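Some structures to go through are shown next.
Paired with subunit B in one complex and with subunit C in the other, subunit A is shared by the two complexes that follow.
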Partner chain A sequence: MLLEVKGLCVNYGRIEAIRDISFTVEEGEIVTLIGANGAGKTTTMKTISGLRPVRAGTVTFDGQDITDMPSHERPVLGISQSPEGRGCFVGMSVMENLEMGTYARPDRKNKATIKDDLDRVFELFPRLKERTNQAAGSMSGGEQQMLAMGRALMAKPKLLLLDEPSMGLAPKLIQQIFDIVTEINSQGTTVLLVEQNAAQALKRSHRAYILETGEIVREGTGKALAADPAVKAAYLGGDV
Partner chain B sequence: MSTSTAQTRKPRLDFKDRVAGLPKPVKIVLWALFAVFLFALPLLNIPFITTEDSDFGGVLFTVATYVLVALGLNIVVGYAGLLDLGYVGFYAIGAYVVGVLSSAHASLPWLVAVPIAIVVAMISGVILGAPTLRVRGDYLAIVTLGFGEIVRLTLVNSQWLGGARGITDIPRPPGIELFEVPSLDWSNGTPVVDLDNTTTFLKFGIGDFVPYYWLALVIIVLVLVFDILVKNSRVGRAWEATREDEDAAELMGVPTFRFKLLAFSLGAAIGGLSGALFAGKAGFISPDSFQLLLSILFIAAVVVGGAGNRVGVILGAIVVSYFPERFREFADFRVLVFGLALMVLAIFRPQGILPPGRTRRVKRADEREQVLEEGLPDA
Partner chain C sequence: MQFLIDNFAALTITGLAIGAVYALIALGYTFVYGVLRLINFAHSEVFMYGSFAAVWVVMILGGNVSGSTGQVIFWVAMMFVAAMLMSGFVAVVIERVAYRPLRKRNAPPLIALISAIGASFVLSEAMGLREKIARWFGLDDTLRDYVSNSRNNVPLPTIIKPQGVFNLFGYEVTNVDIFVIVGAIAMMIVLDQFVSRSRLGRGIRAVAMDPEAAALMGVNRDRVIRVTFLVGGVMAGAAAVFYLLKIGITRYDVGFILGVKAFTAAVLGGIGNLRGALLGGFVLGLAENYGSAIVGTQWKDVVSFLLLIVILLFRPTGLLGESLGKARA
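Right, the complex of A and B next:
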């Protein structure tokens, strides 16, 4: 088990954002958390990467309890997140953003390894290669999304957390982003995905959990959930 | 949308790029000439630039302390993106540590007191920063604003620190008095070497402030070197990431809190150094020298110059400190004119006189994008 979340509760002040949720991610999987706005998806992601403090429950990564570990130490373990809303460093160039991805890597001084990883990112996202010197803030939403994912990959994570990679993108681009997620996964990176675009996400993921107002209400394989009538009605637009 | 600015623009070379393109020996010579000019400035007595109504050496010293302060505050505000409205507090701490150690309660020489002042200012930066840097944005500004006032009120109310009367008889920096440097006299319209009006090389006296200016200039150069080294290191990159998106920086493994604290304490140290320098020149300090207005002027220097750009903030510091002195003849109106000038700058150069390269780059890329999307109207 690469990631195990057990009985997790997170509050924003008095408001319970997530209540007693438990789920696991096995090595090599793509696991998706699906839910509407305010269901607690992003909070779950932020808690796994350490940006939100935990009220109760545990987060275990690779056999190590990381519940109280500061967020900046988690990339060293192999957790890397592409945050919601991209979170690119807009004033930095594409290349500098990608370099920031290697910030916590112990082998960041090894130019050959970094170069290999950079080539791999450019292979996944050829657009980034064309724009290495451009300021991230001046790129389109799709390109910034690619940059955020590329930057997260530069950390060479064992577990890649993707928070709504399809948000605000054109349908064609969404398809492309999901193709890339599948490709990243097939190259050996475990992916935990948070999505509102349930149809695509369920199709691509091995397993999925459905979050409703801070609780997990359903879980299963991507296929099974996609075929579930209740899920269909709520998240896939019924029989349309 | 107006594309008129973008359409006529040729691939433009920044001043910086042009300088960078020069051969190295030329660059060294140019920098050396510039340095000599800066050191000679108070003796050249260039018409119009020289202040008529107040001693030019003294004015230049004041300008130099503002530059030093602006460089320190730029680390906090420009690099790390922390709005510090109480910077005068560190300036005061630096000055008072020198005052206490060299005059009020001990008689250490100025040179020994200064490093202690820097360290104390730095520690006070950590003490203020550790609890407050967890709050962001506006809240930090309010807390630091309070800090500046707390320092001043403590000074006013502590008899041990001299109360409202302050501390007198602060020793001056040690001099060496090697030789006399003549100055220029322009009274006949052409420059003439004036051998009667000389400055003793490194005599830190009371009538002639030129050596203090020289000392400040040397310190500025040292701080600048330090600034460049830090900014171009991993630390500088971490500050930049923290400033742009704190959460994303954390996700990349940047311990943002630690880096903010580092920026805060380095800024405080430089503020303390400026204060120590000020105390050494003035010989007398009182809480009145550390009013809230000074904090606002410091922030104005950084913002007007272009937060994040070290050359920009130097220019900003010069604008904020030199012009009010230069236009002293307008008497009470000068503050009004000064305020108007700041407003005009805020309207026409909201990013500062010289914003950091990155800000400009984003803007230029945006313009290029716009041209690509909308096409050149006349092309």
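Right, the complex of A and C next:
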């Protein structure tokens, strides 16, 4: 088991954002958390990255309890996140953003390795290669999404957390982003995905969990959930 | 007006020299603001402690200074080391004592501002009352040269004798003028390179732009904040040496008006923007010199703040705009 979340509770002040959530991610999988706005998906992602304090429960990564580990130490273990809203460093160039991805890598001084990873990112996102010197803030939403994902990959993660990669993108681009997620996974990176675009996400993932108001209400393989009538009615627009 | 025309070169050079000092102090305000969105009002005292360290190191090491180029270089180097160490230290202590505990408890920004003003008073009065403080410890005799008349001006022995180097439209530009202006610009180039090229510098910019995304990249925010205060403090220490070489005296409350001016320079150039601090410092230094030549020296401070108001009316984010990252790339 690469990631195990057990009985996790997170609060914002007195408001419970997530309640007693448990789920696992196995090595090599794509696992998706699906849910409506405010269901607690982003909170879960932020907690795994250490940006939100845990009230109860544990997070175990690669056999190590990381529940209380400071956020900046987690990338070193191999957890990397492309956050909701992309979080690109708008005043930095595309290249500087990608280099920020290597900030915590122990082998960051090995130019050959870094160059290989950079080439791999450029292969996945050729658009970034054309724009290495452009300021991230002057790029379109889709390009910034690619940059955020590319930056997360530059950390060479064991587990890639993708928070709403399709948010605000045109349908054609959404398709492309999901293709790339599948490609990243087939190259050997485990992916934990959070999505509102349930149809695409379920099609692409090995397993999925459905979150409602801070609790997991259903789980199963992507295929099984996509065929489930209740899931269809609530998340796939009924007659899909 | 005739006075301004007759003395234009002199006013320009002194304006640039004092502007360079403003700019170096302004960097500390702008740097901390960029990372924490906090105005560190105690930064003026960081400068003041640096200036005392520079004077004291000359006194401790036997202070009668004259003579050879080698000696001059030695004394100036000692002043820089002492002032930068002292200012850097004071800045880091302020962060540790006055800000970090509040940050850990998620205090609203207004509370940090009040803490900053409090820290400023404590530090300034501690220096102003250093004779009494020494007496508590029974050290007032031993330290008499350093603590007596603690509310008066403290002069720096002449380290560099001002000598005309070249003539600019009737004004003898001195070696001190050149050293201060060139030295301050060089410091700023070093800082600019540090911020844009080094790993830690990039970490600082990343935290300034998006603290959460920076944490996701593995940037340690507390460490970045400490370095930010340290670098701002070191720059203020350098500013203190340049100021002493040009002006020749310091005192316990020297930080107040200089701090306000440097803060003005930071806002003028665009708070959070390093190059803005440089530009703001020079513009302010020149404007107050030209302005006071036209309307009289007693109006000097009025001129600076009028300039600030006018510029903010037309460019509310300052000359170069806000933010540590946006002016670059």
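Everything below uses one rule, namely that the second predicted complex is superposed on the first by the 239 of 240 C-alpha atoms of A that agree within 3 Å, B and C clash if a C-alpha of one lies under 4 Å from a C-alpha of the other, contacts with A are read in each partner's own complex, and residues count from 1 in each chain.
Keep this in mind: a residue touches a chain if its C-beta (ideal position, glycine included) is under 8 Å from a C-beta of that chain, and two chains touch if they have at least 3 such contacts.
Here the structure is a predicted model, which means the values were calculated and not measured.
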Clash-or-fit label for the pair subunit B, subunit C on subunit A: clash
First, second, both or neither for A:L51, with subunit B first and subunit C second: both
Touching partner for A:P171 - first (subunit B), second (subunit C), both, neither: neither
Set of subunit A residues, in rising order, touched by both subunit B and subunit C: 46, 49-51, 70-76, 80-81, 83, 87-93, 96, 99-101, 103-104, 135, 137, 151-152, 155
Touch list for subunit A against partner subunit C, complex: 46, 49-51, 70-76, 80-81, 83, 87-93, 96, 99-101, 103-104, 135, 137, 151-152, 155
Subunit B contact footprint on subunit A (complex, rising order): 46, 49-51, 70-76, 80-81, 83, 87-93, 96, 99-101, 103-104, 134-135, 137-138, 151-152, 155
Touching residues (chain side subunit C, partner subunit A) in the complex: 199, 202-203, 205-206, 209-210, 212-221, 323-329
Residues of subunit B defined as touching subunit A within the complex: 234, 237-238, 240-241, 244-245, 247-256, 356, 358-359, 361-362, 365-366, 368-369
